[in-house]
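Right, I'll just put the structure down here and ask away after.
Each chain carries a letter (A, B, C and D) given by its place in the written order, and its residues are counted from 1.
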Amino acid sequence: MVASMEPIAPQTDSQELRSAYQRVRKTSELICEPLFIEDYGVQTMPDVSPPKWHLAHVSWFFETFLLKPYGEDYREFHPEYVRLFNSYYEQVGVYHPRSQRGLLSRPTVEEIDAYRAHVDAAMLQLIDSGRAEADTRIRERLLTGLHHEQQHQELLLTDIKHILGMNPLRPAYRECDLPEGMAQPLTFIRVTGGLKKLGAEEHGFAFDNERPRHDIWQSPFRIAARPISNGEYIDFIEDGGYQRPELWLADGWAAIKAGQFHGPLYWENRDGQWWHYTLGGMQPVDPHAPVAHVNYFEADAYASWAGKRLPTEAEWETAAENLPVEGNLRSSGYLQPLAPDTIATGLSKMYGDVWEWTQSAYGPYPGYRQAGGALGEYNGKFMCGQYVLKGGSCVTPADHIRRTYRNFLYPADQWQFSGFRLAEDL
Amino acid sequence: MVASMEPIAPQTDSQELRSAYQRVRKTSELICEPLFIEDYGVQTMPDVSPPKWHLAHVSWFFETFLLKPYGEDYREFHPEYVRLFNSYYEQVGVYHPRSQRGLLSRPTVEEIDAYRAHVDAAMLQLIDSGRAEADTRIRERLLTGLHHEQQHQELLLTDIKHILGMNPLRPAYRECDLPEGMAQPLTFIRVTGGLKKLGAEEHGFAFDNERPRHDIWQSPFRIAARPISNGEYIDFIEDGGYQRPELWLADGWAAIKAGQFHGPLYWENRDGQWWHYTLGGMQPVDPHAPVAHVNYFEADAYASWAGKRLPTEAEWETAAENLPVEGNLRSSGYLQPLAPDTIATGLSKMYGDVWEWTQSAYGPYPGYRQAGGALGEYNGKFMCGQYVLKGGSCVTPADHIRRTYRNFLYPADQWQFSGFRLAEDL
Amino acid sequence: MVASMEPIAPQTDSQELRSAYQRVRKTSELICEPLFIEDYGVQTMPDVSPPKWHLAHVSWFFETFLLKPYGEDYREFHPEYVRLFNSYYEQVGVYHPRSQRGLLSRPTVEEIDAYRAHVDAAMLQLIDSGRAEADTRIRERLLTGLHHEQQHQELLLTDIKHILGMNPLRPAYRECDLPEGMAQPLTFIRVTGGLKKLGAEEHGFAFDNERPRHDIWQSPFRIAARPISNGEYIDFIEDGGYQRPELWLADGWAAIKAGQFHGPLYWENRDGQWWHYTLGGMQPVDPHAPVAHVNYFEADAYASWAGKRLPTEAEWETAAENLPVEGNLRSSGYLQPLAPDTIATGLSKMYGDVWEWTQSAYGPYPGYRQAGGALGEYNGKFMCGQYVLKGGSCVTPADHIRRTYRNFLYPADQWQFSGFRLAEDL
Amino acid sequence: MVASMEPIAPQTDSQELRSAYQRVRKTSELICEPLFIEDYGVQTMPDVSPPKWHLAHVSWFFETFLLKPYGEDYREFHPEYVRLFNSYYEQVGVYHPRSQRGLLSRPTVEEIDAYRAHVDAAMLQLIDSGRAEADTRIRERLLTGLHHEQQHQELLLTDIKHILGMNPLRPAYRECDLPEGMAQPLTFIRVTGGLKKLGAEEHGFAFDNERPRHDIWQSPFRIAARPISNGEYIDFIEDGGYQRPELWLADGWAAIKAGQFHGPLYWENRDGQWWHYTLGGMQPVDPHAPVAHVNYFEADAYASWAGKRLPTEAEWETAAENLPVEGNLRSSGYLQPLAPDTIATGLSKMYGDVWEWTQSAYGPYPGYRQAGGALGEYNGKFMCGQYVLKGGSCVTPADHIRRTYRNFLYPADQWQFSGFRLAEDL
């Protein structure tokens, strides 16, 4: 369904930039192809954005950070869009409230398509002029814009799942046959410690929050060979996991008592059998596939119940040191976590399937300095109250993820494809 | 734009019923014709329903109260719709939460069109069978269903105005040239008192809340010849009306301090000039047209400021005793209150233009008994906390309104075309 | 426990005024005598005020409306009190938020006692000067101030019940032996209709909302001989009253579903037996005593269940036309509704025991004009969204209640001693 | 005002335990001596507890964790107290809601004094029996109980400040003359890095969250010689700090826009001059004293404005390595941060004056395992969403604080004596 592509490297010529730009932009549109017009405008909760808003916002990003400062004689598409499609960049100006994105019947999908075409024409002109290749600032912003759009491609699928999955009719996004598989008994892999490096190298594309690369002292530890499966999570539920306060962080237990969650998102128990909504519609929960749509509180409570703990970000990154970046990512086309199809030796499913919660709060690396200007708001201002997740999921673009990538979510968030693997001290 | 029709009388034969049914159903669809697909699904606040929800709900009404009990071999269109499109009938069963109607991207507009066609075919079959003509219960429910759909036609226009008017792009529903006019200085008409009758006669269609007709004792009074105009309301604003607590009911003043309203809905002051959103887009406020989209608190505060009061429902109905039911109703096609186009002698604009707030709390008439069964929930259960409005507005179907008609709204409501006229004691 | 007194008449000489003033002021203090210092400061919900706030506010009323305008060389007790103890008089100035009255540990009870003594000395000086007797404005304000303090005496007992009754320890306010009694089977009394007068005569003390006296047309009706008893209300509960939406007003059913009430306030079911908190502590519910602490929704739902309705205010006042103002009022000392101690013929318990909900929304009588100035805010600005209750309760001062007295509460309110009697059409 | 004491060491004999117990218990009572009875019951926000609740809760701690399991024939003081004075120990059972502690007029202060005396008698009996000296479990719980009561002594002063400081009368807790001082220009001290140890040694008393002591890799850094002063913070305010979103974390800026804070708690600008409420009443803000009552968002925004950052917990602890634990703690008796009284060379004010925000999220140290049972809930379940603060404040008991001590607060909290010092990379 979605086009595959090579990772976008910083050193690229105009022709490669043109090709990458077109590939990324086209992919966003392909993701929306199965939708009806009605699906493009709905916002089922403040965290979710309507698909058409995503399509417009990523274009706004190119317009705001490339075309307006660097475009030649660029003509703004619509004077109101600077406000409507700004997500959170305070330095760009006042913006439409996040929670009200679903109230905008206008602009229509057709108008947003026209907006995209307008931006594309100007962007390709900028690329073709050779200035993006020649001017580091332009090229870096262009690469950031492409990776930004890839992040929103993941959000598009995440949010489409919520929009369709919250609908009482539970319509499928698209049908898909899944391969069968089986989870082996859980084992732990020993990882040696010592002085390690954390974070992204100087060269190659990375977001600012992955840098600077720095030294850390790591104790030896053991990490689970694979993520916790649905079947294991059902054991936790059936052992009264959601009724035992001693297993939970205080904020998590308060949220349970307030009725804010009561199991993985999308799960329903029908006559004793667990079902869940997937992008392929309602399906029985496969006990062998990794559990998804659990929040940090659930991951942590499961670990307490199992007598283990979550890994730190540094442990995850250390363990992944020599692993290839491959797995059940968006390019596999399944769009849901899969049961293991082979008997793995060593670590498996580190990339793809589910984002893995770590016990590391999302904060700045030593030496991190937020960039000036509105683009500096991209990552740094969210370094409070969130946790780091690693490894990408079944809806992450394969050329977007890397070992040092830091996803971050609030501990109560469930709507992304979030799971976890356990760790323990030696 | 919208078809005109004769009032639907209770005594009608099958042919007339067929014709009335088709006319009413067609009109709902014509009202939605200027919309884009995107406009059909939005809910800008809990009081507003998405247009496609209105279109489905009125069909649900026929399906639930006529086709299911009386249709021959009627086949339900979709098993989930009984829940999705039930507005508030507790005795029909659990229903989709009102505030979440805007989260339903599915069913699509096309599916709802098919639902309407399915219901129409079965309804016409029922009518053509002669049973609606022959069976009083069926005929009465059919008439109720038609009047019910007419109420939702008014709501469609009211809610479309909100959906488009809350959009920062302020798109017009459709363009329309308005006739010019001029409001004469405000005068008051004396009405004599004595023993009067209030409420609807036994014969003819009326809702249950308009009955039984009963005696009341009316003191003589004076009532304003026309509603308060925009220009007069601007005088109130400019005299500090919204900063003077002594003019306001306590609940109204608390709402102002909480920022819940600060002037008529849709009004904007641009550089000292008042503009407002209309179904024809943003326009300068015409000082000669009746003020609309004010709530009860505003109507009452204006009356205090003017040293007058609002009329009671009985006074309004007494004053309207011999007036023809005509005015700037939906059939005029303007879809907004108009400045007077003639120099009237006596009462003018009692029907049409704006619903007029009365000081009468909405309650049961002496001898009122709520009907049993789910249809009994139509009106009676709302007799608490609301006020009666009279006379219909510029979006009310001409064959739907009558002197005894009782509209009712909460005192903070602004989104309907609500205005007011003053009264005073002798 | 509480001193008895003759009704305070408008035509009184200085000596009588002095005596009435001292009696009323002393009574407020006697009511608080059983309290601990800790009880004086608590506010268990926004509707409740701490006892010490009541004691200060009634003094503030005399200070603000009598001593400051009319006192000779009156010296304000404390410059901050004008703000702290203003309840809701916008024209007096900004006031301490109602919901934060319970956060004020200072002034202490002792300081408020000193404030009362300071105001008393100045008030007695004003009375003794003969100016209150001579000057109608002063005398009327003084009488209003005394009736105002009596209203707060009722609120003191109501609020003390809430403060102690919400405490998990359920401490008694004071012990009291109750007489036994028995409710006779419910009968209805026929009342003839015709042209009637409603409201208070010109002479004698009455609040502004009881006037002007005016004509109404009353149809004949029947009214229950006594209020509904606890035993009858238990039948309603046990018949599933709180699970049957068809019995409830829409707003009431929504409040039940939101968990806002689930039975009379203070009731607890312990092993199948109903208990309730009273000012004498936890007691088994007496099936023969009138039900209390029900809101309008509950009264209305019970009436629907019983196939009856609530009376209107005019019906209640018509029925009470020739009844003496006597009953289980505060002066009886029981401070809770009692089972009937005699076999009554005709109407019983119209005064005392419980305030009786009517189906009449609280609004202005024809010809009512709110007085100018801050004192005009006393009653008029609350004429929205509330219902009238009649007859006084077991905590109402005997010399404070009268046939035309209009108490008013929001339909969800339960914390006052509110019950109801039924009515029906002929 | 408050007694001084030696740090309570784990290895103590019965006589020392008795003495320590009596000293700690007595101190809590001395802290409350200046209060009126009215002050003991108020809860000005959910984070604040009424003083009498603190006094009871610390007794409940001894009763629940020592007397009930280990006391000989211990008789519970009151069966309801297990619920009323349980703060958050889920495994002990259901507890009174935190936000409703201020609604409890009963038990009275006198009853709580009796509860304390009852617990004290039983505790001294347990100590005198020699079992606390002999049984490690008992001795450790006893020490924990004493340190727990010391934590609540700090909270008592913090909460008393809020109770009196939110009161419009702004009463002083007690008067106190302050020494004068002067802040030197801000300098930074270089600290060398390398492999360091973080956390508490095995021996000596420490809370579980301070262990295990473990290795970390620390880069060299520079840390400010003293905390930021009021004068420096005023510069930030006057430079538009609260109007510049680029300086703020996203959650902090959202909180400012929602009106949740707008400057240090207790600050008021009177005619251009800054005043603040202190335990000695309203005072002009001393520009030389450390700023207090700022939240994490404010500390972080100031650091952004200054081009610096906050230190990590490891940096703070590394920098404090050889410093004596002394400073303006509770024992100095001033109960507010002081301007420096000497010209310091090197780090000053690391202990006392203000708790210092670090940029370290509060989480478990490597190898941390939460203890089983209810006491395990003491610290571990709060390891989510909070930040670590170091060094103690002007209301911290001198024998309670240590270098490895980890205080933790939510980033929006202002009501504790929280300030900060800056750091920077080399």
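As a convention for this text, contacts are C-beta pairs under 8 Å (C-beta built on N, C-alpha and C of every residue); 3 or more make two chains touch, one makes a residue touch a chain.
Since this is a predicted model, take the numbers as computed values, not measurements.
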item: Contacts common to subunit A and subunit B (chain labels); value: none
item: Most distant chain from subunit C by Cα centroid; value: A
item: Separation of subunit B from subunit D, taking each centre as the mean of its C-alpha atoms, in whole Å; value: 60
item: Whole-Å separation of chain centres (CA-atom averages), subunit B against subunit C; value: 38
item: Per-residue overlap in subunit C, given as positions that touch at least 2 other chains; value: none
item: In the complex with subunit D, residue positions of subunit C that touch it; value: 36-44, 80, 83-84, 96, 102-109, 163-164, 166-169, 171
item: Complex contacts: residues of subunit A adjacent to subunit D; value: 88, 90-91, 195, 214-217, 219, 245-246, 248-253, 296-297, 300, 304, 309, 312, 359-361, 363-364, 366-367, 370, 376-377, 381-385, 411, 425
